[in-house]
Structures are given as structure tokens and as C-alpha cells.
Amino acid sequence: MPGLILFLSGLLLAPLLLGVTVRTKAAFAGRRGAPLFQQYHDLVKLLRRGQVMSGTTTFLFRVAPSLALVVTVSAAALVAPSIVSPGWGFPGDFVFLLCLLGLARFFTVSSALDTGSSFEGMGASREVLYSALSEPALLIGFGVLVRVSGEMSLGGMYGGLGSGEWLSAGTALCLVAVSFFIVLLAENSRIPFDDPNTHLELTMVHEVMVLDNSGPDFALITYGAALKLWVFASLIVNLFLTALGGSSFQYIAWFPAGMLLVGVLVGTVESVMARLSLLKTPHLLAGAGAISVLAFILSTRFLQ
Amino acid sequence: MTAYLDIILVALILSDFILLGSGRLGNCIRIAAWQGIMVGLLPIATADAGFSFRIAALGIAVVVLKGFVFPRLLNRAIRESASSREVKPFVGYTTSLLAGVLALSASFWLDGRLSFPLHLESAIVVPVSLSMMFTGLFLVVARRTAVNQVIGYLVLENGIYALSLAIVRDVPFLVELGVLMDMFVAVFVMGIAIYRINMEFDHMDSNRLAKLRG
Amino acid sequence: MTITLLFISLCTFLAGGLVPAFLRGNSRFSRVFGPVANVAGCAVGLLGVVLSMLYGPAESGSIHWGAPSGSMAVGIDPLSALFALPVLVISALCALHGCGYMKPYAAKGKDMSRFWAFYNFLTGGMLLVTVARNALLFLLGWEVMALASFFLVLFDAGREPVRRAAWIYLVATHLGTACILLLFSMLGSGGSLDFTGLSLPDRSWAGAAFVLALVGFGTKAGFVPFHVWLPEAHPSAPSNVSAVMSGVMIKTGIYGLLRFILFMGPPPAWWGWTLLGVGLLSGVAGVLMALSQHELKRMLAYSSVENIGIIGMGLGLGLLGISYGIPAMAFLGFAGAFLHVLNHSVFKSLLFLAAGAIQNATGTRELDQLGGLLKRMPVTGAAFLAGSVAICGLPPLNGFVGELTAYLAAFTGIQNGAGTQGALPGIIAIGGLALMGGLALACFTKAFGIAFLGEPRSPGAGSARESHFSMRFPLVALSLLCLLMGLGGWLLVGLVEPVVGMLTTGFGFPVATGVHASHAESTLRYASIGSVSVIAAVLLLLFVRSRLLARRSVTTAPTWGCGYGSPEPSMQYTASSFADPLTGLFGPALGTGRNLASPGGLFPDRAGFSSDTPDACTDRFYIPLFTGMERLFKRLRVIQHGRINLYVLSIVVALAALLAWKLG
Amino acid sequence: MIPFALLLPLLVGLPVLLSLASLAGRSPAAILRLCAVGTVAVSLLAAVPVAVVLAGGEPLVMLGDWIRLDALSALHMMVLCIVYSLGALHSPGYFADEVRKNTLDTAAARRYGGLWFGSLSAMLVVLLSNNMGVMWVGIEATTLLTAFLICVHVTPGSLEAMWKYLLMCSVGVAMAFTGTLLLSASTGPTAVHGNESLLWTSLMASAGGLNVTLVKAGFIFMVIGYGTKAGLAPMHNWLPDAHSQAPAPVSAIFSGFLLNASLYCILRTLPIVEAATGGQGWGREILIAAGLLSILTAAAFIVVQRDLKRLLAYSSLEHMGIIALGAGLGGAGAFAAMFHMLSHSLGKSTAFLSAGRIIKAYGTNDMRRLTGTLAASPLWGAGLLSGILGLVGTAPFAIFFSEFMILRAAVDSGEWVTAVLFLLGMCIVFAGALRFLLPMVWKPRDPKPVFPKATVLEHFIVILPLSALLLLGVLMPGFLTKAFASAAAVLGGAQ
């Protein structure tokens, strides 16, 4: 039941997290910024509209947004309850999750190529570059969690971590969190990987892939993107929450605070860093992978 | 009879040296013929046990063949040749002689190592035949003219023949005949070959027959 | 019964090979008889295989055969059945595809009798390889398979690249066979070559034997660095043959490797490490090379190298599980490898067949000449999409099943391994698999996106038509198979479980396969449930979306060109440009040649970018090796100088040397 | 008991008569026909004693031990007959255009026929004689008789090749005679009669009491001597020249049997040497070394070869090496060597005969210019393709299996280096030979050279040996297994 609450709240509050980030950035810039609930307005507005489709496209272009959203929702369904219900999930569910995300990416990329636009092709090309590098970082990170918790499902992993594990392998877990955070930035097209607010197509990654989407489809994409950020953030928040070692209610109580923190953190990063040159971003992702590996090595040392 | 034997053997060595040092083809053919006759006389010279018809027949056959038929064949082969009658050695005459001396000493050394069961009462028969073989091989390798190589081959055969007399009690008559016939055919065929080569190339320099390679 | 069926099947293939061989070049009869015999043989053989799976292994025992040390011993056990199954299914489907695909060849007057003769020999050879129970019989099958596929590669022998490819293929396969011969000589030093009598007389030979098996069979399987023939041979062969070669023939290498290391006793850890390492290398190098290729079939060939790498990694994990005493890792590693063997044969042949259809329809396989095919060839396009999703290891299609199991093996190693023993291989496998997965995604979105989406980049692609029914049917069948095997992944575990049991028992480390199988099954079942729910949800959402849009204006417009008024197809992203960021990242290892024509001047007219990646292994290792050898041999020709005096001298020298050596 | 042994002298006599008949032939065509019919007749006649010996296992003996046919020689005789028959059946077709254009006149044809039968007779003498001296006489005779077969067409090249062949082989065979003498001398003064000391049977019987040093020296001389003629490296230099210059039927018998005949003499002596030296493999070691050297030399030359007939000649060098290696390994290796000998002769004669036709039609030996043969002539192109594929050891041709057996023998006797070098050689040969084969067979060529229409007989003499080569690999008949085994037993010291 607490799991369901977390899941539903995620579905509801995901756009809010983006709002938090935007407000943080505005605060750094000394502006008031858009309202926290701007995303919701945008979504409703988009959902009400009609659509313009490129004549070049095929069914893929119509399917992809829905598929991406469904996949993100399933991801949320797998991740959100894991902190409160240790029996949730199944062995290897995080692999399945990443594969599902891969499926979504396959279709998103294909739908970008479907338009025949060279800009969208460029975005697609960058998207696969990032994903190819972020996946190892993510999976090795999960490897650390498996190693430390001794469990192979998301619920089991978070359930198997407690203050004891944090004491013995805290460094490794923190490193995993760092690595996850970098992946979060890359996967959700945040600065320093991508600038969601840029207006030059040549420098975009994710936004340029959906140039031709409009109306409800674009709403699905926008909502999906928000939810994806929520899922990744909750992965990190859940990890830190295990250090509390308390009851489900404690978790639920602390969870919003954690999410808020991540939102602010993302906003902070976006404010203090500039977008990296495209040539350098892969190095950062490779760095995330290296951090994961380092975490793993530490975990094997701590838990002989 | 050993005395005759040794005289012949020494003569054989001398003939080797002359061959090694000789510069004219006609000379070489003549010396080879003499060597053939001496080799042919060897069995007769050593037949102290009993002078059989077989030995006589063989001896005569060898003398006739090596002393008269072969030189005639070779002479006929070179008669048409317009090219020089010089031997044209790769290895100079002096060096050749030196090689002959070396071959002889090597033969004595080998004889010491190999302890052949002898049928001939002579201390030098095996080394002499070996050195003849070596000389023959040397002539094949170190001379350019095809005729000279045939002469080398003949000397080699002479050496082998002498060796066979020395170490094998008696080679069956049939085999002897077969060997002789082969020898005859060999020289005959080589003669024809030289003749043809001469016709085709206008020379008998086998060193210049080097179009086929690789 | 099973054995009789196998014999009947083998004889059918033999007849299917021999009868066309004696017919005139392009007779109508052989064009019908060839595929019919193939399908019939496959059907009978399949029946035998299924029977053996249901009622247990069967052996014919040693049946006298004239060849020395040879016997007609055939048999089928789980391992054989597992590899024979795809051989028969895929061969039959590709034979069907060939009926339509080969028509242009037949119209050009190519010798179709020869084609079908060798095709039947190829299938028969592969079946024989999997069921032989005598090393000589195995070799016979192995070589028939190699030679038949060689002739099939050479089918279009009038073209120079084809002949070069065939030569490379035959030489590579022969070098592999040489290792196998040596291996068999070692294993058979007891005298008998029947599998029952194979063993190593000395434990210390095991290491050498393993290396020989790895090189010998790995050449066929396509492990890096023995993979060089794949990217040459597969593009050169007719596509249905490439499908068979890439889909199933290379798996016989895996079969051979497993079959014969079973005779070498318990595996030391370094075997597992070696396989893991070779698998990792093949996987990463394979997918990188695939990514940087822009010729469709060449790309698919490299992707086979990648997949063989995944299989190799699975096997490596399995072997390490045995060496380190981690039963779960052993089970899951082997199971993952075997599942991938089955799955790869389905989706890779699907992709090759689709590539063949593309070539027939457009006349080219260069990705940069294609585009917009999904609209023109919807069935082929959908099939290629299915194959691409499957090969990237994405649910709900079947590629996912094996990869998930392999991941499970790796995570199990991390989870349970004592100390670093299981953890290190586990984490290496995870990192590798993840990297490969991401790169494969890049590779196949490129292939599918550039070839099938957007606008046609050449007139050939623009005028493409959907292919004939005989070509569409196998595509649809294989796509369905991809879906079914993906959704019913847990059922496949039951198929590979006895094989793993047999292997682990054979290695002297019996594993309670039932327990581990049920774990794997449950994960896969959950995954299937998840996949089905995702599909259902997508359908639902699409329905909602269509209702939502039903009352709104949905208009069609040209693609947004970011303000540029007159976009042209040639302005689309190409395969080269799509892959450039990644190939650039791995540039030094790949040796990609970039060919950039920058726009210049005030009114730039033509600009372009293309890249070309030759095989680093061929270019940097094999070619220097072979040219070096040739140079050496050319120098050796000096001994045949033509001077007779010196020839005679060499006789004398040989005599002297021999006397000195043996009498001195 | 039918006295089959009586056939043996007849076997030697018949070719001599045929040879004389050829010398009296009226026209080239008639002589070539006589060659074909006569050779087949001799082969059929030979088939009887061969079959008797190979089936019964007992040697046939005649003329007080002078003539003896045991399993080893019977097997060789079988190969001899096959190769000569193939070559002879091929001759009329091969020379047809020359007869028409009168470049092969009656005199040349007479010489050809006479020498053809003469050499056949000489080779039969080699195989039938129990006396090592007579055996030597036979070998020397084959050298002299075949020399002029090389230059049936008198060209500078053929003369050069002939001269090299003649001189090298004469010198070499003279060494072999020295070896024979030394062997004979090794019986020591105990031998009552000289004849005994040269009889193979008596040498075998008294092998234990021979003077070991002399036996060893003799064997070394014989290996070098006969090895020169068998084309073992490093005495092989005449071989590519002679093979490339001779007309195809002659190349076929050169490669298919002339080399084997000489190697046979070494193999004959091997059991004596082994018995005399205590069976420690002293002599076999020499054969292994010579075999390996030949294989590797051939491999190196095959890779860089551009001339088709020279390529085939080097392949013969390689295969002689393999046979020597197999025999040197003994046991299963000897069996494999015998198997290999038959397979090689079948494959090589077909390859040479097909290559001959192709070369004739194209007018060049250069493989770079011999392209598209399969399209130009399906029969000869396929013959060349299958012949070479078979020769380089492609399964399921027989040679693959015999090579595998030799490899097994090497591994079984712990000769690791040998096994690896052997494999290396095989692989180099394979890669090198196939490099030119593929364009030669398939590279399109316009205009296609014109081939005369192949007769039914020609189809047979291409397809039959190749099918045999294929079937020997997959289905070796029982009687051949037995034949190889008993021949190998002779090599192993059985009498």
C-alpha cells in the first residue's frame, strides 16, 4: 500500500520536480522564474490541441511517444515502491527495467529518424551515444548494490541495505549515488549534457529529436520526460533513505524531502555549470562508469 | 698381384689429377678413356683366385665401353660444336688440383672411419675409389661445359665401380650387365642431349641453361 | 526411432545434394527439387530432434564405416538437439526464402542446380556435425559444411570481391580445421575416434587441447581475432545463405567447442577467463565494427561477431561458475549462452533475409543509398524492425531472454561469489554486456532508421517494391518466432536445462539444474508479464490517443526543416554521420577513415561526409603477416636459381650433411 | 593353385614388345592408339597378380627369388597401372591437334611410344625385382628412358629441363648405387654367394647380423640417391623444370608414379635398415626430416608460384614429402603413407592432365592469364578445380583423411614439432594454391578459348579418378584397407 502511494504520487508530482529545478535556476539567476506548476499548464494545453504530422513519417512516429510513456510509467511502477516493500520486484528486475528503457529509446530514436530531418537525425545520433555510455555506469552501479545488499531485485536491494551496510560500505554507496546522478543528468538531458532551454537546434540532444512532435503526442513526451527524471531521482533518493533504516512511514515522510533536494541539486548544477562541449560529454559519462567501477572495487574490499 | 693393383690405383689417382688440371676438352675425354681402361683392368689384375670367363668378359666389356665407345660418343657430340673447346671452369685449375688433394685426404680419413670389409688386398683401394667419386662430383659441380660434366659423371661411375670391386665379393653377373648397359645408355643419351643442346643453343655451357627458375 | 529419423534426414540431404549435382545447370526440376528436399529433410530431422527432447537421448552405437578409425556413429543428446534444432528450422525457412530470392539469379542464367546441391549439402553437413558420435564422421560433416558454404559464397564467382571473400573464408576455415585435426589427434591418441573412446592420455595436455579447440572452433564461430572471414564471406554469399551461415553455421563452432572440451576433464579457471575475455573482446569489437559499417550485410556479419561474443561470455561465466564452485552462476551462464544461441539464430537469419529482400528490391545494400523503405516494403520493414529490436536485446522480443539470463549469471557471481572470485568476472561481464547493449542499440537504430525511415536516398530505393510471398513468409514466420520466444522465454529455459545439466555433469560439477532453472524461469516469467502489460498498456494508450485525436485536426505537413525552405532527401542524416560520434570516440582502435568534404566559399555547392572502417585485425595483423610471409618465400626462390652445377652441389651437400648428422 | 607368378615375367616382357611395336608404328595416331590400348592391356594383365597378392597377402615369387611381388610392390604396381593408363588414354586426345598440324611427326610419335612402353617396362622391373641391384638398374633405366619424353616437343625450355633431369638424376642414382653396394658389403665376408647379399629377402632375413655402420652409410647414400629422383628436398631442383616442360601425359606419369617408384626403393630399404639398427627409428628419422623439409620447401614455393605446371610439380614435392613423413612415422603413419600415395597419384595425374588441356587451349602456363577455365571448358576446368582441391587436402577428398592419419601418427609417437610443422606446411600450401585457383577457375574471360569437344572417354578419365578420390575418403573399401595394411606391414618389417 505505501508502495502504491509512492507510485501514484510519482505520477502526479513528476512535473513538479521539473518546476522545482526551474525555480532553483531562477533563484540563482536572481529571477522569479516560472510558476512551480507551469508544467501542468503546458501539458493540459498540449493535450487540448490538434496535431501536425510530417508526411515522411510512418506508424513508428505515432507509436513512439505512447510507448515511451508507458515504459516510463512501468519504470516508475518498478522503482517507486521498492523502498517500502522489500518483496517488490523480481530478481533482475532492474535489468529488465533498463531494457525497457532501451526499448523506449529505440522507438524514440527511430521516430526521430522517421521524419527524415537531419536535425532530428543528429539528435538521435547523440542520444544513442549517451545511452551507450550511461548504461554500463548504471549497471555496474547496480552491481555494487547487489554486491552490498546480497539481493537481486530492486525491492530486495533497497530492503537489504541498512545502516550496517552504510557503515561498512558507505563510501561505495555514495560513489554509486554520484554515478547515478551523472547518469541522471545525461539521461534526462540536463546541463552539462544538454540544455533543455537552448534555442539552437544544433546544440540540442533530446529536444531536437522531438522537433516534429506536436499536440497530445508532445504532451506524452513532455510528461514522460518529467516522469523519467522522477524515476532516476527516486533511485538516488531511495538509496540514501536506506541509511535511515526506519519504517515505511519514515521513508514516505523523508522521500519528498529527498526528491526536493535532488530537484534543487539539479537546478544548482545547471546554474553553476555551463553546457559541456559535445566532444567532452562522453568523457564525463565514462567518468561515471569509472566511478561505478571504483565503487565496486571498494565494495569487494569492504565485504570480503 | 697386389703390385699391379697398386700401380693401377696410383695411375687412377694421377689420372684424376690430370683431369682436374686439364684445360682442353679433347684431353679430358682421352684421359677419361684411359681411366676407364684402367678401371676395366682392375678385376683382371685382382683375380688371383681364379681367372674365370665371367671376369674376363666383364673386364673386356668395361674396357671396350669406357675406353673406346664412350670417348667416341662424346667426341661425336662435340664435333659439331662451333664453340670453344676450352673447359671453362668455375674453379681454376690450381684450386681444382688442391681440391683433388683434399678429396684424396678426405677419402683416406673416411676409410679409416668406416672400416670396410675388404675383398681386395690393397690398403689404398677404398680411398682411391672414394677420391675418384669425389673428383667426379667435383668435376660435375665445378665445370661449365656439358661434356665435362659427363666426364665427371664417368669418373664418378669409375669410382663406384672400383668401390664395388673392393667391397663386394661378387656382384651378380646380371646386375653387372645391367649396370653396364645403363652406363652405356646414360652416356649415349647424354651424348644425344648435348648434341641437341648444341644445335638448339649454339653452345654447351650448362651454366647458361638457366632460364627455368623459381 | 530417433536415430532412424536422423539417418533418413541425412540421406534426404544427401539425395537433395547429389541429384541436382547431376542435373543440367538451370533445370526447372532442380529448382523445385532442391528446396523441397531441404524442407523435407529438415522436417524429418526436426521430428527426430523433438522426439529426442521428449524421450531422451539416443545413440546408434558404432556402425562400421570403411574409413580407418571412422564409424557411422550418430546420436542425439540434449547438446546435439539444442544445436540441431535451429539448424533445421532456419535452413528450411531460408530454403523457402531462396525460392523467391534466387529468382533474379536464375533469370541471369546462374546455375541453380549447383546452388541447391550445395545448399542441401550445407544443411546436411551441419546436421551431421551436431549428431556425429565419431570424430572422423564429425570431421566429414564439418568439412562438407565448410566446402558447401564455400561454394555457396562463391555462387557469384564472376566478381573479384566474391572470390577474395571465398578465398579468405576457405583459408580461415582450413586453418581452423588444422587446429581441430591436431586436437582430434590428441583426443584420439587412445586409438579410437568414437566419442566414447576420446580422452586425453595426459592431463597436462588439457591446456593445449583447450587452446586448439578455442582457435579451431572459434574460427568457425567468429571469435575475434579469428573473425576476419565473416565480414567478407557473409556479404558475398546470397542472402539466404548468409542467413544460414550467420544464423546457424557459426554456432556449430560453439557446439564443437563445448562438445570437445567435455572430453578434457574439469575446467581450470583460466579456461573460463579466456572464454570470457575472448567473448568480451569479440562482443565489443564486433559491435563497434558493426556500428562503423555502412554496408548492411557487412554490418550484420560484424554483429554476428558481437553475438558470438555474448555467447562466449555466457560460456565463460558458466565455466568460471564451475571452476569457482558457484552453481547458480554456472547454470545461468551456460543457460544464457544457449538461449542466445537459439535466439540469435532466429533474429540474425531474419535480418539477413530482410537484407536480401532489400537488395533484391533496391539493388544495393549500402545504407547511405537507402531510406524510406518502410512505406514501400511494409512487411520486410516490420520484420527488420522486429529483428533489430530483438538483436538489441530489448523486450518483448527474444534477444532479451538470453541477455537477461547472462546478466543474471553475472549478478549472481557478484552476489554469491566468495571474495573477488565470482565478483570480478561478474562485473566484467556486466560492464561488457551493458556497453554492447548500448552500442548495439546505436548500431541497429542506425540500420533500421537509415534504411527504412526518412526519404529514399537513391532512385533504387525510391522504386522499391515489396517482395514475393515466398520471401515474405519466412520473414513473418521468423518475426513471430522472435515475439513468441521473447514472450515465452521461460519455456525456453526448460529447453536448455537438460543441456546445462549434461555439461555440468560432464565437467564433474553436477548442478541442481531444477532449482536454478525455476529461478531463471520465474524471472523470465515476470519479465514476460511485464512485457505483455507494457504491450497492453501501449495499445490502450494508442487507443486513447486515437480517440482523443479523432475529433481534432490532424494535418500533414513536410518535416520541419528548422526554417530551411526546400529540404531534399540528400540532406538527411546518413549512416556515416549517425555513427560518427561513436566511431569517433573509439576512433584509434577502429581506424575509421573519415572522408569529409567541407563546404567552402561564399556559395558552397557540394559537401559531404562519409566514413569507411576497414577491419583493423585484417589490416594490422593478417595482411602484414601474409605479405611478410610472401616476401620471405619470394626471397627463398633463390634456391631454385637454375644453375645445374649448384643443384648437383646441393645433392653433395645434402649427402655430407646427412652423413655428418647420422654417422658423425 | 594357379601359378600366377608366371604372369610376372610376362608383365615385363609385354611392354618391351609393345615398345618395339611402337617403334614400327605407321602413323602418329596409330601409335598413340597403341599406347592407350597397350597400356590398358598391360594394366589388366598386371591386375591379376596384384589382386592375388593384395587379396591373399602372400608374395608371389618367381625365377629363384629374382622376381618377387609382395604387398608393397603390388600396391605400387596398382598405382603405376592406374597412372600409366590414365596418361595413355589421355595421349590421343592431348596430341590430337599436333597430329593434325603435323608438329608431332611419325618419328617423334615412335619415339614417344617406344619410350612410353620402355619406361613402363623399366618401372615394372623396379617393382618386381627382389634384387636391389636389379632394382637400381630399373630406376636408372627409367631415368634414361623418360628423359626424352620430356622433350617430345624440342624447345629450349624442354632441352634445359631434360638436361637437368638427366644429369641430376644420373648423379643421384649413382649415389644410390653406392648405397646399394655399401648395403651389400654390410653382409660382410660371411655371405656365401654375392647374389644373396643383394636380395631383399635375404637381407631382411639376416638383418640382425649386418654391419651397422655400413648399413647406415648405405641407407644415407640411398636416401640421397633415390631421393634425388623422388624429388625430396633439397635434391628436388630438377622436378619443377621437368614437370613444367614435359607434355601433360608425361608430367602425369612423372608426378603420378616416377617419383613414387624412386621413393619405393627407399621404402624397400627402410625395413632392412630398421631391423639392422635395432628398430630404434634411426632410418625413419631421416625420412621424417626429409619429408618435413620437402613439405616446407614445397609450401614456400607454392605460395609464390605463377606457373600452373610448376605449381603442380611443387605440390608433388610436397606429397612425396608427406609420403616419406608417413612412412617415417611408421605404424598408422605407414598405412596412411600408402593410402596417401594412391590418393595423390589419382589426384595429381588428373590435375596434370586437365591442366595440360587447359594450357594447350590458352597457350600459356601463367596462372594469372589462365582465367575462367570452368566456363571455357566445364570438363577440364572442373577436373583442375577438383584435382587441386583434392590435392591441397580439402575434405572429403581422400588426401584430407590420409593427412589426418599422418598427423595422428605424429601425435601418437610424440613428435610434436613434426606434427606442428606438418600442419603448418599443409596450411601454407592450402592458402597458396587456392589463391590462384579461384580466379583461374572463375574469373570471367572474354573471348573464351576454344576447346575441342571432349569425348565420352575423356569424361570418364576425368570423372572416374576424381570420384575414386572422393569415395576413398568417405568409403574406403575393405580390400584396400587390407592392401594398405599389408603394404604398411612390409614397411614395418614383415616379409
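What to note about this one:
Letters A, B, C and D mark the chains in the order given here, with residues in each chain numbered from 1 onward.
By our rule, contacts are C-beta pairs under 8 Å (C-beta built on N, C-alpha and C of every residue); 3 or more make two chains touch, one makes a residue touch a chain.
Predicted model, so just to flag it, every value in this text is computed and none were measured.
Contacts with subunit B and subunit C are shared by D.
Comparing each chain's Cα centroid with the centroid of every protein Cα atom identifies chain C as the most central. Ranked by C-beta contact pairs, the top pair of chains is A-C.
The centroid of the Cα atoms in subunit A and the matching centroid in subunit C are 35 Å apart.
Subunit C and subunit D have Cα centroids lying 44 Å from one another. Note: centroid distance subunit A to subunit D, computed from Cα atoms, is 78 Å. A straight line joining the Cα centres of subunit B and subunit D is 31 Å long. None of the residues of subunit A touches two or more other chains.
Listed for subunit C are residues 637, 640, 644, 648, each touching two or more other chains. Multi-chain contact residues, meaning those touching two or more other chains, occur in subunit D at positions 163-164, 167, 171, 213, 217, 240, 301, 304.
Pairs of chains in mutual contact: A-C, B-C, B-D, C-D.
Across the interface of their complex, subunit C is touched by residues 163-164, 167-168, 171-172, 175, 213, 216-217, 220-221, 223-224, 228, 234-235, 237-238, 240, 282, 285-286, 297, 300-301, 303-304, 332, 335, 339, 389, 394-396, 400-401, 403-405, 407-408, 410-412, 419-420, 423, 426-428, 430-431, 434-435, 438-439, 441-444, 473-478, 481 of subunit D. Across the complex, subunit C is touched by residues 47, 49-58, 60, 62-63, 66-67, 69-71, 73-74, 90-93, 95-96, 99-100, 102-103, 105-106, 109-110, 112-122, 124-126, 128-129, 131-136, 138-140, 142-143, 146-147, 150-152, 201, 211-212, 215-217, 220, 278, 282, 289, 293, 296, 300, 304 of subunit A.
Contacts from subunit B toward subunit D in the complex involve residues 114-117, 119, 133, 137, 140, 146, 149, 153, 156-157, 160, 163-164, 167-172, 174-175, 178-179, 181-182, 185-186, 189-190, 192-193, 196-197, 200-201, 206, 209-212, 214. Those residues of subunit B that touch subunit C in the shared complex are 90, 137, 140-144, 149, 206-207, 209-214. Contact residues on subunit D toward subunit B in their complex (touch as defined above): 66, 131, 133-134, 136-137, 140-141, 143-144, 147-148, 151, 154, 156-157, 159-164, 166-167, 170-171, 174, 177-178, 181-182, 184-185, 188-189, 191, 193-195, 197-198, 211, 213-214, 217, 240-241, 244-245, 301, 304-305, 307, 310.
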